[in-house]
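In the two complexes that follow, chain A is the common piece, with chain B as its partner first and chain C second.
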Partner chain A sequence: MIRRGTAMDGKRVLRLSNGLQMRIGNLRAGAGFAVAAVLLAAISTGLGLTNTGFFDLLSALSGDPLSGAEGYALWTVRLPRILLGFMVGWAVALSGALLQSIARNPLADPGLFGFSQGSMTMIMLLLIVAPAAPKSLVVLAAVAGGLCVAGLLLWLVGGERSSGLSIVLMGIAIETVLSSFGSLLILYLPTETSIALSEWLAGSLFQANWTMITAFIPLFVLSLAGILLVGPAMATFDLGTEMAMALGEPVARSRPVILVFAVVLSAAAVTAVGPLVFLGVLAPHIAGFISPAIARARLFLSGLVGGILVVAADAVTRSLAGGLPLPLGLSLTMIGVPLFIIALRLQALRKQQSR
Partner chain B sequence: MRFLIACTVAAVLAVSPVLAAERTVTDDTGREVTVPEHPQRIVVMHEPLLGIPLMDLGLEVTGSYGRTEDGEFVIAVDFIDTVLGEGKPKPGGFGPVGQPDLEKLRALEPDLILATELDAGKVDQLATVAPVYLQNIGGTKVHGFDVQEDLAALVGQEEAFAARKAAYLERVAQLHASLPANTAGQTYLPIFLTDQLNVVGNSSGMVQALEDLGYTRLEVNNTDGTTAGGGSMMLMPLSTEAFGRLNPDVLVLLNNYMDEGRDEAGTRAKLGKIVPGWDRFMKPALEDRILFVDPAKVITPTVASAEHMLDAVENWSGKER
Partner chain C sequence: MEKRGLFLLAALPILAFTLAAHLFYGFRPAEIPGLIAAFLHFEAQSYEEAVLLFQRVPRSLTAIYVGSISATSGVVLQSLVRNPLASPATMGVNAGAAMFLVAGALLFNIGTGLQGAAALAGALAGFLSCVAVARFAGRQNDPRGLSLILSGALVSMLFTGITNALLLSDPARRSDFLSWVIGNINHAYIDRLAMFWWIGAASIAAFIVLARPLTLILFGAEKAASAGVNVPLVSRAAILAAVLGSGSAVAVCGPIGFVGLVVPHIVRPFVGNNLVFALPAAFATGAVICLLADLVARQALHPYVLSTGLVTDLLGGIVFVVIVKRFYLSPSNRETA
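On to the complex of A and B.
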């Protein structure tokens, strides 16, 4: 049983029989983002050397055979990049949105807390010791690195009454130390090893394949379940630690769980494509500008925007002619930052007008 | 029945020459890979270290990572021109450095992809196009032109390599006999100038030639604790203080590829910026025991680079006399 109604802030909502309510604006935004993601993916299937695309894909799905080059371009190169790119963007954006609520800081993301650096440092050390290390070991190294940083962060900031600001400041300190260590490794490693690591650090979807997607899908599904479970707690964390505790949120238990959730999402993304700097900040802000939301809706919308941004960045990277190198991280910045600036500027103008 | 099976197998082999001309080898990282007996369309992931050695043996390289689609090389120096001479056909590219394009790679129709052990992370994707063989290029794992010898064995060019090596060794013997001083027990140290000083590793034609002439590498104990690492043509960075105290019998100086002046004047000027006044206090400089070499000619692990080094030593020893 679904009923329409109006929330206390005057926004129109849909109310389910179990008491759950969803803002109609958020639902529309979510549907819009989903349609945008599908359209972008359809366009992206047509980008590349081989002259094929979305309509050939539809024909293939309906049973028409593709030529060798067309099949290779669509099934081996383009579709894995699009699907993995979306899931990775989703994971990083979701991780950023979770951390921003915990820290009550709009700048928080896996990079700022040092989680990405922890994963990267561990992967770099592994690749130096064993350049041919299997992928499963790289994933474990990334998760272990991120968890080590999260554990250190929790231990350093102390108990449940520690403020969001102290978490951010301690995260910045750890991130700075790890970044310096990473720079030292790049500087003093043999040239070819440094180049190989730098290529990976720039971010790339080159490694995208169906094996990796199969490995990432359980995490993606888990993240959906995670949103449903921890989403309501995010609304209380947004009000501050003390208020969350006053509202009955078991902060001492839920905060470490949410941190580990954010670390796993971030580490998986770093392993798949390398660090995607600033995406964890960009996506929740752009989503929040288009459709302000809290709790589960905010997490869902942030994840969708993160996925869209990475698919768009990959499309730009692949469509550039002339052999100009454009790493994924750079094209993501080129697309995301102007959107971010426009969103912030429009928000500022709105506030001025409301006065 | 047996006769029928034998006939079927024979028929399959007869109509599938590719199947008959393949073999399974173990690459330098321990992977088993099935490669053509005589590959015709080879793509390389590192042109100076893997492509030039094959081209020096007369093979054509179809594609090279780091070249543009029209064959231009990504860095200032084109090693095909400097090592093998101008006018040679250039391989096609398949995406800029950092972004190999699998669709472009497949369009080159390679039957073998040669990569270094540092490309291990890319193997799964590259192998969707053609078999991938990973070759060690590390300074501590390979020496002189070992890489070229290994690749020659892989692609069935042992005889071509043996012929190149025999001619080279003959020249080494002639030059050794004509050198004014006995090189036995004399030391050499190759230094590559970037924005810092780097001791050059062991995998190059230059090192092969110097050691075949009887020189021995000067052991360097770096005072800043930096140790020699594997996996690079550049063995390790060297502090300017440690460099100033060194006294090899022959100091070999090589200026960066990116610099216009890779001759003596350019190299002297570059070193002067890193170690000001070096030519007024370093013994090899004061006693004129410095060999200026163009790295773009001598740094690849090939017989051709070793021959360029012999040319350089010959000119230098001629001047000495």
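On to the complex of A and C.
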């Protein structure tokens, strides 16, 4: 049974028979985002050098075979990029949203904190030691690298007191060291690997293909399950560690688990397309701006916005840049910095008001 | 004050020794007297002499120029901004200069001379946007200038991103700038040094003239004013000199980061805050560090030659971490978040 009702704070909600309630506003926003994502993907299939588009895709699905060039553009280039882009954006945004709650820092981001860079450095080390390492080992290396940086950051910043801007500064510092270290490592790699790597280092969707997508789908499904599991805890973490403990959240156990979850998400994204900075901080902020939410709804909406942002950035670079191979990481940085500055401004204003 | 005297006395011999190491490392010891003689007639009669005169000497000169300019600019910026993390690299100056130069070269096809002018304009633009972003996004209660450094990092990221996008848009000319854009001391850039050295010399001259009033400003603006210092004029002139000097260094060999951040922290414990002594000390130390970094870049991974900018970024990043840890995160002076 689903009933309409009003929550304690006066917001309209839907109540399910098992006691779960969902805000109607959040549901609407989620549906809106989903529609936007589908529309955007449909438009994005029509952008590029080959003249084909969504309607060709529909007719192909209904049984009309496509010509060679159009089929290639749709099936081998555009669709994989859109699908992989959405899933990667989802993962990074989710990772950012999780980090923001457990670090209690609205500027937390796996890229800015250096987790992505740590994953990359570890992958490069692995490829130097064992150039023919299987894909599963690469993913493990990425997770290990991210965790190492997370540990380093916690040790440097001092665990509990990790709020404020100084952790961002520290993350940027670690990122600088790791990225110049990475440029050193490239020298030791075999030539053919290093050329493929330098594209991947910049964060790009050029190499998207169906094998990558099938490898990413299990993680995507897992992340949905993860949202359902850790979502309620996020709401208590937002209130602060003491409050979370008082509300019965086993902080000492659940915080490390959530951190590992966030690192796994970011590491998977790095393995697929390389580091994407700023996405993890932008997506949750935009989602929160459009439809304020907590707990599971916040995670879902952040993930959707992250996916939309990546698909949009990809579409924009493909249509505006013409033949210019602008990597996704670069366009995200160029969009991300101004928006990040605005986020800082808003945060400062809020602080002023609350004083 | 004994430490100060010792440091200043030792600085010149150390600089000379490093310079000698930079010039002669890798030659067989028996060849060296003959090579020194090559300086006298300044004409290469053998392969070794050609290497020395046309590769090593230009590299040394460039390293000394970049190192000394960055270090003295770093000292001045850190004193005036009153922030231990201030430096040309952390305040968007280097990234701005690099972006303007690349944009000018790729979009408008300007020659080397105008590229220098573009780098100077870019250095100013980078510095101003860093300050503007800090004003726009900063918190009211920010006594330690945290937001200034953060906005410097953001502005640098943005400008570096635009630079990379510009480079990608022109694959044919990309390779000309690919190593320059990481910061590369290379003998090929000696023409640029010959064209731009006077800018750096002028800004160092400005620092020498302003050293005493700047030191007075360190005691507080009111005290300096009562001692007859025109505080706004002196501060602005000094910052302008620092920014333009670093811009010219970028124009020569690309953004070599972090020397300007690290050197003031090496110099200060020995020489103190008085700029009359700190500036010469920083000049020598910066040159020594840049020569050493270049030596490491050249020899560490033989036969590969690294970009010097990579080495300084690697070392400087670690120092950056330590400074953030000590200054912003030690329990006694933790940020009031």
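The rule is simple: the second predicted complex is superposed on the first by the 264 of 355 C-alpha atoms of A that agree within 3 Å, B and C clash if a C-alpha of one lies under 4 Å from a C-alpha of the other, contacts with A are read in each partner's own complex, and residues count from 1 in each chain.
In the analysis below, a contact is a pair of C-beta atoms (placed from the backbone, for glycine too) under 8 Å apart; a residue touches a chain by one contact, two chains touch by 3 or more.
Computed from a predicted model, the values in this text were never measured in an experiment.
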*Now for A:Val337: first (chain B), second (chain C), both, or neither, which partner does it touch?*
second
_Contact-wise, after the overlay, does A:Ser183 reach chain B, chain C, both or neither (first, second, both, neither)?_
second
*asked:* Quick check for you: in the superposed arrangement, does A:Ile172 touch first (chain B), second (chain C), both or neither?
replied: second
_Contact-wise, after the overlay, does A:Leu326 reach chain B, chain C, both or neither (first, second, both, neither)?_
both
*A:Trp75 contacts which: chain B (first), chain C (second), both, neither?*
neither
_By the touch definition at the top of the document, which applies to A:Leu156: first (chain B), second (chain C), both, or neither?_
second
*Scan A:Phe289 for contacts with chain B and chain C and give back first, second, both or neither.*
neither
*Is A:Ala348 in contact with chain B, with chain C, with both, or with neither (first, second, both, neither)?*
second
_Residues of chain A that sit at the chain B interface in one complex and at the chain C interface in the other, please._
202, 324-327
_Residues of chain C that touch chain A when the two form their complex_ = 85, 133, 136-140, 146-147, 149-151, 153-155, 157-158, 161-162, 164-165, 168-169, 182, 301, 304, 306-307, 310, 313-314, 316-318, 320-321, 324-325, 328-329, 334-335, 337
*Residue ranges of chain A touching chain B (in the complex, touch as defined)*: 48-50, 69, 72-73, 76-77, 127, 131-132, 188-193, 195-196, 199-200, 202, 204, 206-207, 209, 211, 317, 322-327
*Quick one: in the complex, what on chain B touches chain A?*
29-30, 68-69, 93, 95-104, 106-107, 116-122, 124-125, 128, 134, 137-139, 226, 229-235, 237
*Within their complex, state which residues of chain A touch chain C.*
156-158, 161, 163-166, 168-170, 172-174, 176-177, 180-181, 183-184, 187, 202, 277, 321, 324-327, 330-331, 333-334, 337-338, 340-342, 344-345, 348, 351-352
